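What follows is chain A paired twice: with chain B in the first complex and chain C in the second.
Moving on to the complex of A and B:
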C-alpha cells in the first residue's frame, strides 16, 4: 500500500516536472508565477511523499519491496534503517531527486516583479534536470519494485556502511552535487535571455554555488573521516574513483566561487563563469554516472546490466550538448572583459582558475584512463595513489603560495614590491611556525618541508588578516567568510602533511601484558574479552596507554562478526588530541600465539577535520552575506 | 538466580569459543611474521608491496589488504627481496605474470604516454594562457 503510494507519487512528480517545463515554455509571463507555484510545490510534495514512503517501508521492514528486502534487516538499529534508505542505489537516487526538488523550490522563491522572465527560465532548465532524474529513477532504478521475500528477515546490510558518519555523508554530498544544478540552470537561463532582458545573474548564482561548495566540502570530509576510522589502514584519502568523482566538482566549484567574485566586483570573466557553472554540474552528473554504473570497476560488470549506465550516459550527453551548444551560440553576448594586470586580484584568481582546471583535468584523466586503456589497448592498468601524489600534488603548490597574498591585493593593478612589503609579517610568522613544527616532530623530508611551509604560510596570512579586521578594525577589501575558509585550507594542509610525513607505524604480535613503545607512548595489552552488540558479536582488546608513567587512555579495538551477513569488520580504536592520533587495530590471533596489533602514531590528523569544518563555516558565512545582496537587489 | 548466572556463564563461554573459531579464519593486512629480519630488505619489500595492487580487492594495495591472495603475494615479494632481487626485477616478474594491472603506479609505455604526459601538456597550456595574458595586460 505504502509502496503503491510512493510509486504513484514518483510518477506524479515526473508529470509535474514535465508540466513545469511546459509552463515555462508556453505560459504568458504575468500568469507564470501562479502556475509555477502550483507545480513547484506539487513536485516538492510528491517527492517528499515518495521519499518518506520508502523510509517508512525501511522502518517497518516491508520486505515485499525489493529495495527493502535486499538492503535492510529486521535486527538493524532504527537509525541505520533510516540511513539505509540512501545507502543503496535506488534510494540514493530518490534522495538526489528530493534534494533537486528542494533546490527547485528555492529557485522558485527567487521570483519578484523584476525577474519574472529570468526565474521562469531557470525553472525551465531545472525542470529538465528534475525530469531526467525522475524518469531515470522511475524507469531503471525504481525503489518500489516488488519482490517475493524468500527470507523473513531481509538480506541485511553491509556492516562497514553501518556508521554515523557514513549515514549522513550522502545527504550532505548531494546538497553539494545537486546545488550545482541550480548554478547550471542559472547559467543556461542567462544565456537564453534576450539583450533587452539582461540581468545581474551572477548575484543569483553565487549563494547557490557557495551553499553547494560548502556542503560538498563537509560531505567529502565526512567520507574521509569514515575511511580513516572504518577501513583501518591509517590513511584518510585513497584517490579512489568514488572519491575522485566528488573531488572533481569540488575543484571546479572552487574555481567557480573565485571567478564569480571577479565578475561581481570587476565585470570580467563573465562568459568564463557561465561555462564553468555548466561544466561543474556536468561533472557532478558524470561522477554519478561513473560511480553508479559500475563502469569503473570493470567494463564487463557494466556490460552485464547496461540499462542504467546507458540512460545516465545519454542524459549527460543530452545535457552536455544542449548546454554547450547554447553556450557556443550565445557566449559572444557576454565576452566583454575589463582588462587587468596579472599582478592584481583578478590575476591571482585567473591563476587559481587555471590551476583548478589543470588539477581537475588530471584527476579526470587518471580516473578514466584505465577504462580507455581497456577499450583501446585491450590491456588493463591501474592508476593508484602514487600517480596522483606525483602528478596532482605538485600542481597545487603555486595556487597555495598565491592564495596567501591574493586577498590583500588590489583589483585591476597592484605592485609586486608593495605586496612583498605587506607580506613581511606573514613571512616572519611562517618562518617561526615552520621551525616550531620541525623542532617538535624532528623528521625532515622534502614533501614535509614544502607541506608545512605552505600550511604555515596560509595560516599566518589568514590569522593576520583576521586580526587586522576584527581587532584593529582596519577597513579591508576582503571578507571574514573568505578569510575563515582560507584558514581552513591552511589547517587542512597542515593535517594532511603532518599525518602523512610524520606517521609512525608498529606492526607486531602481542600477548596479554606485552608492552610496546611508539613515539613517547608505552602501550600495554592488558586484556581481551568477548562482547556482543545489537547485531554483531566481537572480541575486544584493552590496551593501556601511558606516557612517562602517566595514564593517557585505554584503547579498545574490536574484531566484529555480523552473523547475518557473515561479514567480519575491524573496529579501530583511536585516541585523539590536537597534536596526534593514536590509532590501534586488532588483527588475527589467539591466546597462545598472541594477537597481531597494528599501532599508528598519526600526528595532526584532527586538523584535517577541523580544517574542513572551518572551510564549511567560512562558506556558510559568505552565503548569509550574499543572500542579503539578492534581497537588496 | 544461581542457575541463571550459570547459564549466562556457559553461554558466554560457548559464545566466545564460536567467535574465536570464526575469527581465526580471518586474515588481516601485513603480519609481523612476514617481516624480513634485514631492516633494509624489509623497507624495500614494504615499498614494493605498497605499490602492488590486490587483484581481488577494490583499489587496495597488497600491503593493506586482508585477502589470502594478497598475503601470498606479500610472502612471494619478500622471498624475492631476500634472494637479492632488485625492485625492477620484482616488478618485471609480477607484470609478466599478472600484467600491468598489478602496479598501482602505472609504468611508462605505449599505452600510458597520454596518462603521464597530458597533465604536463595541461600545465604548459596553462602557462601559455598566463603568458598570453600578461602580454595583453602590459599593453594597457
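Moving on to the complex of A and C:
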C-alpha cells in the first residue's frame, strides 16, 4: 500500500516536472507565476510523499519491497534504518530528487514582477534536470519494486556504512551538487534571454553557488571523516575516483565563487562565469555517472547495472551538448570588458581561476586516464597517490600564496609596493607561527616546511583582517564570511600537512603485556576480551597509553563480526586532542602468536575537520549576505 | 567551419562521453587486474603442506600438467562462495589444483575442507602471507593458471562465478592446444 503510494507519487512528480517545462515554454508570461506555483508546490509535495513512503517502509522493515529487503534488516538500529534509505542506489536517487525539488521551490520563490521571463527560464531548465532524474529513477532504479517471494528478514546491510558521519554525508553532498544545478539553470537562462530582457543574473546565481559550495565542502569533509574513522587505513584522503568526483566540482565551484565576485564588482568575466557554472554542474553529473555505472572500481560499491549507466550517460550527454552548444552560440553577447591589470584584486582572482581549472583538469586527467588507456591501448593501469601528490599539490602553492594578500588588494589597479607594505604584519606573524610549529614538532622536510608556512600565511592574514574588522572597526573592502572561509582553508592546510608529513606508523605483532613506543607515548597491550553489541560480536583489545609515566587514555579497538552477513570489520580506536591523534587498529591474530597491531601518531588531524567546519560557517555567512542583495535588487 | 576557443569545451566533452559510452557497451570487468607475472615463471618459494609432514618446493613440486593455483582462507566469505566452482574444476582429469591456505589456522582449515569437500590436489600453507606477496596477490580469493612449462598464463582476482568458470575452462583448453 505504502509502496503503491510512493510509486504513484513518483510518477505524478514526473508528470508535474514535464508540466513545469511545458508551462515555461507555452504559457503567457502574466499568468506564469500562478501556474508555476501549482506545479512547483505539487512537485515538492509528491517527492516528499514518495521519499517518506520509502523511509516508512525502511522503518517498519517492509520486506515485500525489494529495496528494503536488499538493504535493511530488523536488527539495525533505528537511526541506521533511516539513513539506510539513502545508503543504496535507488534510495539515494530519491533523496537527490527530493533535494532537486526543494531547490526548484527556492528558485520559484525568486519570482517578482521584474524578472518574470528570467525566472521562468530558470524553472524551465530546472524542469529538464528534474524530469531527467525522475525518469531515471522511475524507469531504471525504482525503489518501490516488489520482491517475488515473502521474506521474514532482509539481506542485512554493509556494516562499514553504519557510521553517523556517513549517514549524513550523502544529504549534505547532494545539497552541494544540486545547488550547482541551480547555477547551471541560471546560466542557461541567462544565455536564453533576448537582448532586451537582460538582467543582472549573477546576483541570483551567487547565493546558490555559495550555498552549494559550503555544503559540498562539509559533505566531502564528512566522507573524509568516515574514511578516517571507519576504513582503518590511517589516512583521510585517498584520491579514490569517488573522492575525486566530488573534489572536481568543488574546485570549479571555488573558481566560480571568485569570478562571480569579479563580475559583481567589475562587470567582467561574464561569459567565463557562464561557462564555469555549466561545467561545474556537468562535472557533478559526470561524477555521479562514474560512481553509479561501475565503470571505475572504488570504495563505493554501488549497483553495476549497465542499463543505468547508459541512461545516465545519455542524459549527461544531452545536458552537456545542449548547454555547451547554447553557450557556443550565445556567448558573444556576454563577451566584453575582459581586460585588467594583474596587480589588482581581479587579477589575483583570475590567477585563482586559472589555477583551479588546472587543478581540476589534472584531477580529471588522473581519474579518467586509466579508462582512456584501456580504450586506446588495451592496457590496464592505475593512477594513484604519487601522481596526485606530485602534480596537484605543487600547483596549489601559488594559489595559496595569492590567497593571503588578495582580499586586501584594491579593484582595478593596486601598487605592488603598497601591497608588500601592508603584508609586513602577516609576514612577521607567519614567521612566528612557523617557528613555533617546528619548535614543537622538530621535524624538517621540504614538504612540511612549505605546508606549514603556507598554512601560517593564510591563518595570520585572516586573523589580522578579522582583528582589524571586528575590534578596530576599520571599514574594509572584504567580508567577514569570506575571511572566515579563508581561515578555514588555512586550518585545513595545517591539518593536512601535519597529518601527512609528520605521520608516524608502527605495524607490529603484539602479545598481552607487550609494549611499544610511538612518538612520546608508551602503549601497553593490557588485555583482550569478547564483547557483543546490538547486531555484532567482537573481540576488544585494551591498550594503556602513557607518556612519561602519566596516564593518557585507554584505547579499545575492536574486531567485529556481523553474523547476519558474516562480515568482519575492524573498529579503530582514536584518542584526539588539538595537537595529534593516536590511532590504533587491531588486526588478525590469536592468543598464541599475538595480534597484528597498527598504530599511528597523526599530528593535527582535528584541524582538518575544524577547518572544514570553519569554511562551512564562512560560506553560510556569505549566503545570508548575498540573499539580501537579491531582495534589495 | 572555423574552430574557435568556444567550441573546444564541446569537443572535449563529446570525446570524453564517447569513451564512456564505448566502455559501457563493451563487455568488460573493471575489477579484472592483469598480472605482471603473466608469461613469467612461477615464483620460487618453500613452505609446508597443510596435512603432510613434508616441505613443498616451488617450482620443483609443480607437476608437468596444467595447474590451477587458488589462494583461499576459512575467514574469507567469498572463498566459501567460490568453493563449489573449484570443486567443479577438480572433476577435470587433466589439471591439478593447488590450494594455498592464506594467513589461516591449520585446524580450522582441515575442518572447513572436511565440511565443504576438498577439491585440491595439494594444500600448502602461507602462514604469514609471504607467498601471497611473491604472487602479487591483492586480496583473496585469487586464482592463477600455470601451464605445463610452469609459466603463469592467467590470473583472476576475486571469487570465481559462473562466467569466470567459463573463462577459466576456455583458457585451459587454449593452453592445452598450444602445448
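Keep in mind that, in the parts below, the second predicted complex is superposed on the first by the 620 of 633 C-alpha atoms of A that agree within 3 Å, B and C clash if a C-alpha of one lies under 4 Å from a C-alpha of the other, contacts with A are read in each partner's own complex, and residues count from 1 in each chain.
We adopt the following convention: contacts are C-beta pairs under 8 Å (C-beta built on N, C-alpha and C of every residue); 3 or more make two chains touch, one makes a residue touch a chain.
None of the values given here were measured: they were computed from a predicted structure.
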First (chain B), second (chain C), both or neither touched by A:48: neither
Chain B versus chain C as contact partner of A:233, first or second or both or neither: first
First (chain B), second (chain C), both or neither touched by A:309: second
Touching partner for A:380 - first (chain B), second (chain C), both, neither: both
First, second, both or neither for A:574, with chain B first and chain C second: neither
Chain A: partner with more touched residues, chain B or chain C: B
First (chain B), second (chain C), both or neither touched by A:331: second
Which of chain B and chain C A:588 touches, first, second, both or neither: both
Chain B versus chain C as contact partner of A:362, first or second or both or neither: first
Touched partner set for A:199, first chain B, second chain C, both or neither: neither
Shared contact residues on chain A - chain B and chain C: 297, 380, 568, 588, 590
Parts of chain B lying in touch with chain A, wherever the complex brings them together: 12, 15-16, 18-20, 22-24, 26-33, 35, 51, 53, 58-59, 61, 64, 99-106, 110-112, 114-116, 118-119, 122-123, 126, 129-130, 133-134, 136-138, 140
Chain A-touching residues of chain C, taken from the complex the two chains share: 6-7, 9-10, 13-14, 16-17, 19-25, 28, 30-34, 75, 77, 103, 105
Complex interface listing, chain A residues touching chain C: 275, 279, 282, 286, 289, 293-297, 306, 309-310, 313, 316-317, 320-321, 324-325, 327-328, 331, 368, 371-372, 374-375, 380, 566-568, 588, 590
Chain A residues touching chain B - in the complex, by the definition given at the top: 233, 238, 240-241, 297, 339-342, 347, 350-351, 354-355, 357-358, 361-362, 365-366, 369, 373, 376-377, 379-387, 390-391, 395, 507-509, 530, 532, 537-539, 559, 561, 568, 570, 585, 587-588, 590, 596, 598
